[in-house]
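In what comes next, subunit A is part of two complexes: it sits with subunit B in the first one and with subunit C in the second one.
Presenting the complex of A and B:
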């Protein structure tokens, strides 16, 4: 798993957790920490932060439920080449 | 100023004017419905429209109007709505979660046949009167849906008033989400001077919009659906200690639409059978899924064609409209059961909705385990359901599924028995 991507995704979600912990395989939406509009905020964050466009096929909700799956999606789109300096 | 042109070139025999405007950039074709459902709400001057499409998507709109329109004004209205509400939407994959194994040939011109038979009468825009066999079919489907619900859950049934308080709709977020569908119930302001003025002004003159100046009350609306009545009923309560709550109601619902089809496909005044589930997130999601399974089984057993797909509500006009739509589709908060009513079109006859804790929060309904209650609802447009059935099976009872025929015959027998009973009573009167 790409450590930088993982950290950035966690950082984005953290303000919503109210100090509670979040495991990488926790369903962010099922835990009730976020409202449904957060799904779109997450999509916008991913596109902006990692500089790529998600396709219609990527917009499957399962891709956004957990930190693990979000990181996997980003890695698959960027070829796991994302670093703190940006895409190589 | 560029003006509209007569529309004969685009629509022969049309007496309307056509104004063709270009979108700032194309909108992907999968979002064409989202453009379509907005156009007639953008101005009451817009009588009709066509989308201009090409390989790259929707590139423009031709608006038809009774009077010539200012090109720049049409361009502004259309592009503003498209840019703020449609363009930011992500295209989500079309997702069908159920498809009937039956492919039934739909009978074209069903509404005209029903009208000729006197079974439906168009009484106004988006309004119809129904006679037989629609009344019996309406009763059959309503009973079938309630029985499916009761066979799985402990259910409370209610009949709600026709009016709903505007404050309830505001708490539900309806005013910001769906301002275009709102229907206020106003009245003359109760003041003797107002009544006298109206009596003298309109003694011999037709009523007009100036009358509204004497109507200051907007405290009640016509309900757009039944579930807001239920959430209002539960306001401030805590549920959950005795398990999830299930409430159902049948009631008249009203949504203003800027354009109505001259059929039963889109009505202004219609009836919803609503089922509301309140409990934990897992409970209400499970209940929604169970009802979906049972209703799909009913459709299959009756031999009806159709499918169920991810849908979204017609949010309109607010800053977060596009985010709401995308969230709803992404998270599969809404599924629509769509039945064919023509060779090339389906209508949504029912929806299966998960609200998360939105209404628990809005109405202060708590769950026994702490925090706001989660809710879901299943709603059926009864007139549409009956109409789709008739489009698929026709008016001849002999072609209907056995379960429906049996209900119809049972109803006929009940009526016959009642008639005999009445005659006996009359004959036995002293």
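Presenting the complex of A and C:
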């Protein structure tokens, strides 16, 4: 797993949970601390931060449930080559 | 606000106003009285490019940006909230199809919705499910090559006349969007007339009893119904409603100013009485403030800010609250005339109340904004959009 991607994703989500802890395999939405608007925020963050467009095929809600799954999605789209600058 | 408009934007906005005054305004009272929008008017909206306006031209849209869309929504709201609501609902569905639909979904529905040949409806709420949109109970189950739908949707705008439904159901245990034609066995539609406001929005209760639809009717992925499909569509609905509220408020201000200049009491126009001046000043200030929040929401959308949905919520919350207040003041300025049958400000008053309920009640939005307030940035922050 790309460490940089993991850190950026984790750092994006953590403040939205009001200071609560977050494990990489926690279902973010099932925790009950984020609302349906968060999914849209997450998508926009991913596309902007890692500079690629998600397709309708990618928009399977299961891809966004946990930090692990989000990082896997990003790695699959960027070839796991994302650098600290967020670019290939 | 005026300084933010380019000359081209100002020119287009004038065109939108002229179209609304010429085509929509003359029909508004009848739409409210007869509780329906004439199909001829819907076709005229389609021909003029007012339906699915933000979609690409290849799908029948006009490719307008969020700011132009807002201007259009304001002019619709100024002239007829029912028509504004109609356009918003078509856009909520067509946007969902364009984002999440298959090539066949798009080919089959987008051109017809954009021209007004077919009418769409957004089926989220149920008798037992309103603000708690996650808890829809309408169920869809696999049955060979088909999906069988059972359940009831209620308070559905244009459910009386819609040809296609974007329905949110529990499918494979997950919140899912499906696209389904009205003209299928097992679909029954019950009109809900005589609403307090938005009387021309042709609400209906729609019941599905073992209604069979093709298996490829799912829009997007199972489980994406609320988080992605509905969330995006509701954002369009809220954005349109926010601008529509500005239009409604402007209509109230225009009517009140005119009446106050023409009506005399105690030997002088109402407009020369200080307490009336106070009301007019209040209406003007709030209307302008609401417009600025809508403009900000539009700019946030264009920048694809991650918090743009919250900017839209802010605009909708303030705009709907302001519209209800201003409409009440407009009736007050008009006195007994404001309460008479057929009074335009009376229609504005009733429609304004609906704005505090549709597309998310003020209370739900207050909850969302209350939580966001802890992280919403200040304008001085580099990351902030405010």
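Assume the second predicted complex is superposed on the first by the 88 of 88 C-alpha atoms of A that agree within 3 Å, B and C clash if a C-alpha of one lies under 4 Å from a C-alpha of the other, contacts with A are read in each partner's own complex, and residues count from 1 in each chain.
Assume contacts are C-beta pairs under 8 Å (C-beta built on N, C-alpha and C of every residue); 3 or more make two chains touch, one makes a residue touch a chain.
Note that this is a predicted model, so its numbers are computed, not measured.
When the two complexes are overlaid on their common chain A, residue A:27 makes contact with neither subunit B nor subunit C.
In the superposed model, A:35 lies in contact with both subunit B and subunit C. By the touch criterion stated above, A:45 is placed in contact with subunit C alone, subunit B being left untouched.
By the touch criterion defined above, A:54 lies against subunit B but remains apart from subunit C after alignment on the C-alpha atoms of chain A. Look at A:15: by the touch rule set out above, it reaches subunit C but stays clear of subunit B. Note: residues 29, 35-37, 39-41, 43, 56, 59-61, 64 of subunit A belong to the subunit B contact set and to the subunit C contact set alike, using the contact criterion stated above.
Interface residues of subunit A facing subunit B in the complex, by the touch rule stated above, are 29-30, 32, 35-41, 43, 54, 56-57, 59-61, 64.
Across the complex, subunit B meets subunit A through its residues 30, 90-93, 281, 320, 323-324, 326-328, 330-333, 356-358, 371. Contact residues of subunit C toward subunit A in the complex are 99-100, 133-134, 174, 220-221, 223-224, 226-228, 230-232, 235, 304-310, 313, 368, 371, 374-375.
Residues of subunit A that touch subunit C in their complex: 15-16, 18, 29, 35-37, 39-41, 43-45, 47-48, 56, 59-62, 64.
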